[in-house]
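In what comes next, chain A is part of two complexes: it sits with chain B in the first one and with chain C in the second one.
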Partner chain A sequence: MHHYYKLQEEFFVDMQRCIGCKSCEAACAECETNGEESMIHVNYVDRAVTIQTTVQVCMHCDDPVCANVCPADAITKDEFGIVHTANTSRCIGCSNCVMACPFGVPKKVEHYDLMMKCNMCYDRTSVGKKPMCATVCPSGALFYGTREEMEKMRPNSSPVNQFVFGQEVVKTKVNIMMPKGSTELKIF
Partner chain B sequence: MLQKINLKAFLVAVLATVLTLLLVLIGSRRLQNFDAALVAYLFGTLFAIFGIVYRYMVWIQRPPTRLYFKSSFRILFSKDFLYYLRYAIKDFFKNIVLQDFILKRGKKRGISHLLMAVGCTIAFSITFPLTFGWIHFTLDPVSGLDPNLEPIYTAHFFGFDVMHFPVKSFVGFLTFGALNWCSLLVIIGASYFLQKRLKDPGLIATQTFEGDILPLLLLILVSLTGLGLTLDYEFMKGQTYEFMAVTHAFFVIVFLVWMPFGKFFHIIQRPAQIGAHIYRKVGKQLGMQVCKHTGKEYATQLHIADLKKLTRQLGFQLESKNGQSLLEYSPEGKRDLVAIAHLKARQESGTYFG
Partner chain C sequence: MAKLPIDIDRIIEQFGPTLNFPKPEGIPGRDEPDKVVETHCCFCGMQCGIKLLAKNNKIVGFEPWMEFPFNQGRLCPKGVQRYMQDNHPDRLTTPLLNVPGEGYRPIQWEKAMDMTVSEIKRIQSLHGKDAFAVLSGVSLTNEKSYMVGKLARTAIKTKNLDYNGRLCMVSAGAGNKKAFGLDRTSNNYDDLEKAEVIIVTGANVSETFPTLTYWLWRARDNGAKLIVVDPRIIPLARTADIHLDIRPGTDSALFGAILNYMIEHDMLDHNFIDNYTSGFEAAKEAVKDYTLEWAETITGTKKEKIEAAAQLWGKAATSFLLHARGIEHHTKGVENVLSCINIVLASGRIGKPYCGYGTITGQGNGQGGREHGHKCDQLPGNRDIENPEHRKYIAGVWGIDEKELPGKGLSAYEIIEAIHRNEIKGLLSLCFNPLVSLPNNNYVREALEKLEFYVGIDFFMSETMRHCDIILPGSLHEEEEGTVTTAEGRVVRIRKVVDPPKNARTDSAILMELAQRLGAGDKFNFVNSEAVFNELRVASKGGTADYYGITYAKIEKNMGVFWPCPELDHPGTPRLWEDKKFKTPDGKAHFNPVHYHPSMDPVDEEYPVILTTGRVVSQYLSGTQTRRIGKLVEQFAQPLLEIHPTLAAQYNIQQHEEVRVITKRGEALFPANIVETIREDTVFIPYHWPGKKSANQLTSGHLDPISKIPEFKVSACQLIPTGKQAYVAKDAPDYKSN
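Our next item is the complex of A and B:
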């Protein structure tokens, strides 16, 4: 099953292109690995003063803070760099990962006493398909494909996978499209 | 290469194993009541005890686990001991005994898991004391020799008489058939999960054979071969006894040896959930943290303060140079920070898109 994962394909996010339509949310709930719960986040940044929306998938960090702070060893990273959602038999619902993730990705589903998060539609990507959200995004905020395809589509942007949070530099598997020549994004 | 042995965990595991052996000696009255036929099971169990205690000790030494372990015990044994003890018992009953949270994840799933858990728990509580020689049964000599009297069995625990009951009675039927009933519960529960794992695309994508399928197969095989023993003496006049006994022993020992490494370890880890609940309850009483961006409450102040220490201890420097911490932002606030930084970078480049 996992032999079909296409390592040459990557995830590219450009939240500046997000129009807040929430198509990705509906599509995400179709992912078989989420138990029909939507894991992608779309929200207004500051609705009182702007219509700006943002979209956030799991960035699949190289050294995931969520997995490090998990007291139950419930979060693991696989050989493709996918940081998987909490192992249902281990997760104790403490929310350490929810509060520590620098990108605000994991969700605590109180009803299940369980953390759930995006695992890049592993049921699809592990068989060579694209994640649900990226296949339905109408504005190009979410794209899954090769770097070459992305370069052709966005010749004036550069994919960045290095983010600065305070004094911490976080490297991720997922890229954010930035102005041409950018090498990192300072967030906090 | 072998990883470095955790000395503290090793010593505690050795101590636990030696203590079990001592209790075997005491409980079986210096092996007088020990059933020699069960010696292979005893060694399997001792290995499981060593492995489980070792892994547990390594696990609770990890910084995030230690945080919850210490905090929940400190809270439990505080001046409000009785209040939190009552809460912990209630929570234990709701989440560990009834497994309410699994039931909420799906009715069939919850019931199947409960069947497996009840079957395993009763089976463990019978087989471990039997293997250790703590429980044994004797036939009352008077009732056994007189054909006109109903044979009476005496159950002994730690060498003390506990109860007497006629062999052919409801109590006798339940006592001697208990493991068969457990087997049936486990087979029903594990079969449900096995068929689910063979059909559900989400599970197929993420599961592994050793992590998810093997434990279910082992549970079913242990139960089936256990039932085989009853089948043999009830209906086959003991003609296949050796085969049944050897196959059952084989699967039980594989199960015991696998316990510390595989999925079964979650049975030992699960009570930590109660610790997390106590921790959150206390945190709520102490006060909530408000997000610097959204202005909404999102976690307890206790949790955020501890997470700041924990992330620092793990080598993550999520504070800015002026001492502000990223952890003072809610998940939604953090997502907004990413979007704001992204917009700023685009604006500075002179174009919103590229």
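Our next item is the complex of A and C:
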């Protein structure tokens, strides 16, 4: 089925547009592969002072730290750049990946004793569909499509997929939307 | 009788609400469904397209419907979880009889129908036709709404028929009829896309119409300036260009001041005002003293912010103004709507591309339901039940003498009041949960308990249905064919996906059998939903809401048709007023003078804090459906009292402390959620919960004199901290509070 994967389509996240409705979480959890757990997470930044929420999904790093630190080789990146959730027969539940991920994405799901994370709806994207979260997102905070479509739709924003953590530069498959002209996000 | 037969906790144990969760191992058959059916969400007025998956006559899941033009696959969490109302353990599947001391005894349909009809006849022979009332709801399709209206008027023959849209869009409907002579949003939402300035007032779009957010963001991508008016920093307000955090109940002061500002600074479309409107001088006179300084005093919002908004609005070349219940749930709901319309008309920005105005209709079929069926003063086609011509036409369609057609009846809350006064003795309700949704619900409960006979049609045992003497198990949205009319005025197709389970029946079958048993069977010889729609088309012909040119085939081909659509070859009307021929008697759009006056339950020394109510994103209205869907309940497990830290400090209220909120109607306990996202003089409670957790124990039954909408949005209250931390909802589940 690989030939159906649309290589030109990418994932874009725009935190400013998130309305905190958790439609993405509900839709993600519909997937039987996840055992009804959501692999995308919406949280209030600080509800006491603002209604703002953030949405965090696996960024699918070019050089995935989670895979690099896995002692059991349970996490792999495929030819399309998708970093897959831990192979259940290999994962030993050690949480190395949970601690190593710069974005705090993988979660150890205690009742399965497994690491679980987003695999970009591989069952959908591999047959040319869009990931479920980005399909249902009612505000457009999540979008899956081509860079050209995005640039046309959001003339005032630029997609960024380079993150600087101190000395460390991380490039990702997933983009976040930043003010026009931005090329990277520095996190100190 | 209409009293609970047994203890409320035993009823809840038997009939729920029970939470339905997807099973971790998945739902059998989802991977290989028998059917994938393109239909719509059962909840709000957006009526998002969705595909439902069915296997072996059971709903097993959903798939986004990417091609439907409004939402293109997008859904809110309610839409994602909507299919969990199917295969639900609480589903009513057999008629039930209320037996005091015993509970609800399953009975045969034959007996349930016999008892119902004999009670209707007994009450009407003793107390008159109008002593039996009907309360309906606009989650029903156009076809069912039409049948309810026809049943009440031609079979039950009562004038006292009204509906839960009375809590929803009636202020907007009345305002639109006064100004335009027609009740529909003026534009479809495509016109948002290139509007330069958008005002959203009293509409928590991101929680109540989440998929509409996308269109607002699209507009902002194109450079639109967004002005949000709301006492809270709602998600939409957080990034708005201007947020006017006005004091609840001061909307008409704000819009009066903006109109005055536009006049003083000559930001007017004189050509439009002179040629296509009337009443401008009176509207101008009414606001002549409404300065920015005055508006600041009344609204509690800085005059500089109001001026900035007035300038943006005044100077724009294109614009769109949207409002919803936030300005409509007031004793001056109609005036608030008219004050909005006045600034639209003054700008002349209507009936043109990217120039729009409209209310955002709340309920799934709030638009179509109010046009064709069950409004106390209305006949199909949005006709006036007191207009001799209109009466004659509908009497002709229905094959009755015009004299037999009842006149205008009481509105929903007035029906409850009349029951309380023992004037109305019997009630049929469907699709309405007034014990949760009407204000001052302790009073509503007293009224229900006075009924001599109460029959209800529903698919779940709502809080109100517990009071029924006879319960008739009806159907879900996905169990019948039909149409609904979305908030945009787009008529869309609802598809039957599965049959009602077990001994439940379709609502249409129940209504038709009631009609037949009441001697009006000849008027209800419908072979299917399409036959009902075809009669509705004729009934609406020539009315303002003219559906004559809309057919099932045309809707299916075009993924919806916008009314008015008077002829079969007419394409429908997404944008109204392009011809500037308004439907008022003089053909002009009407300005109306709006004087600001205070709400009916103003704060004072004894009740010093303003209480306002609204919704959360994961719940829908009275929660009959959404309080039974596990994930939607978990998302907001309990109603919280939103309060600003300054006000909390004044009362020494701590985070999540239980606070007693008291109004002149009653009192209730709510956990405090101390947030800076609300005005300092206002507290907010969402209203979806029942029993002791119901915000409507506190709200007032004061009604708008024109629209008869209750004033949910402003109550004066006291706050008394209890010194106790509130429980978490897991310990005492609020979704089924007694």
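Brief remarks follow.
Please note the rule applied: the second predicted complex is superposed on the first by the 186 of 188 C-alpha atoms of A that agree within 3 Å, B and C clash if a C-alpha of one lies under 4 Å from a C-alpha of the other, contacts with A are read in each partner's own complex, and residues count from 1 in each chain.
Methods note: a contact is a pair of C-beta atoms (placed from the backbone, for glycine too) under 8 Å apart; a residue touches a chain by one contact, two chains touch by 3 or more.
None of these values were measured; they are calculated from a predicted model.
Superposition of the two structures on chain A leaves chain B and chain C fitting side by side, clash-free. When both complexes are overlaid on chain A, the residue A:Ser139 reaches chain C alone and has no touch with chain B. After the chain A superposition, the centres of chain B and chain C are separated by 120° when viewed from the C-alpha centre of chain A, nearest 10.
Of the two partner chains, both chain B and chain C are touched by A:Arg154.
Of the two partner chains placed around the shared chain by superposition, chain C is the only one that A:Lys22 touches, whereas chain B remains out of contact. Of the two partner chains, chain B and chain C are each touched by A:Glu32. In the superposition on chain A, A:Thr76 contacts neither chain B nor chain C.
The partner that reaches more residues of chain A, of the two candidates chain B and chain C, is B. In the overlay built on the shared chain, the residue A:Thr54 is in contact with chain B alone; chain C does not reach it.
Applying the stated contact rule after C-alpha superposition, one finds that A:Ile187 touches chain B and leaves chain C untouched. After superposing the two complexes on chain A, the closest approach between C-alpha atoms of chain B and chain C comes to 6 Å.
Shared contact residues of chain A with chain B and chain C: 16-17, 32, 35, 52-53, 154-156.
On chain A, the positions that touch chain C within their shared complex are 16-17, 19-23, 25-27, 29-30, 32, 35-36, 47-53, 130, 132, 135-140, 153-156. Contact residues on chain B toward chain A in their complex (touch as defined above): 59, 62, 64-65, 67-68, 95, 101, 104-105, 200-202, 204-206, 263, 266, 269-270, 272-273, 275-276, 279-280, 298-299, 303-304, 307, 310-311, 314, 316-321, 324-327, 329-343, 345-346, 348-349, 351-354.
Across the complex, chain A meets chain B through its residues 1, 14-17, 31-35, 41, 43, 45-46, 52-54, 56, 65, 68-73, 84, 88-90, 92-96, 98-107, 111-114, 119, 122-123, 126-127, 154-157, 163, 165-168, 176-180, 182, 185-188.
Residues 21-26, 30, 61, 64, 66, 71, 73-77, 79-81, 206-207, 210-211, 213-214, 217-218, 221, 233-236, 238-239, 617-618, 631, 635, 645, 655, 673-677 of chain C touch chain A in their complex.
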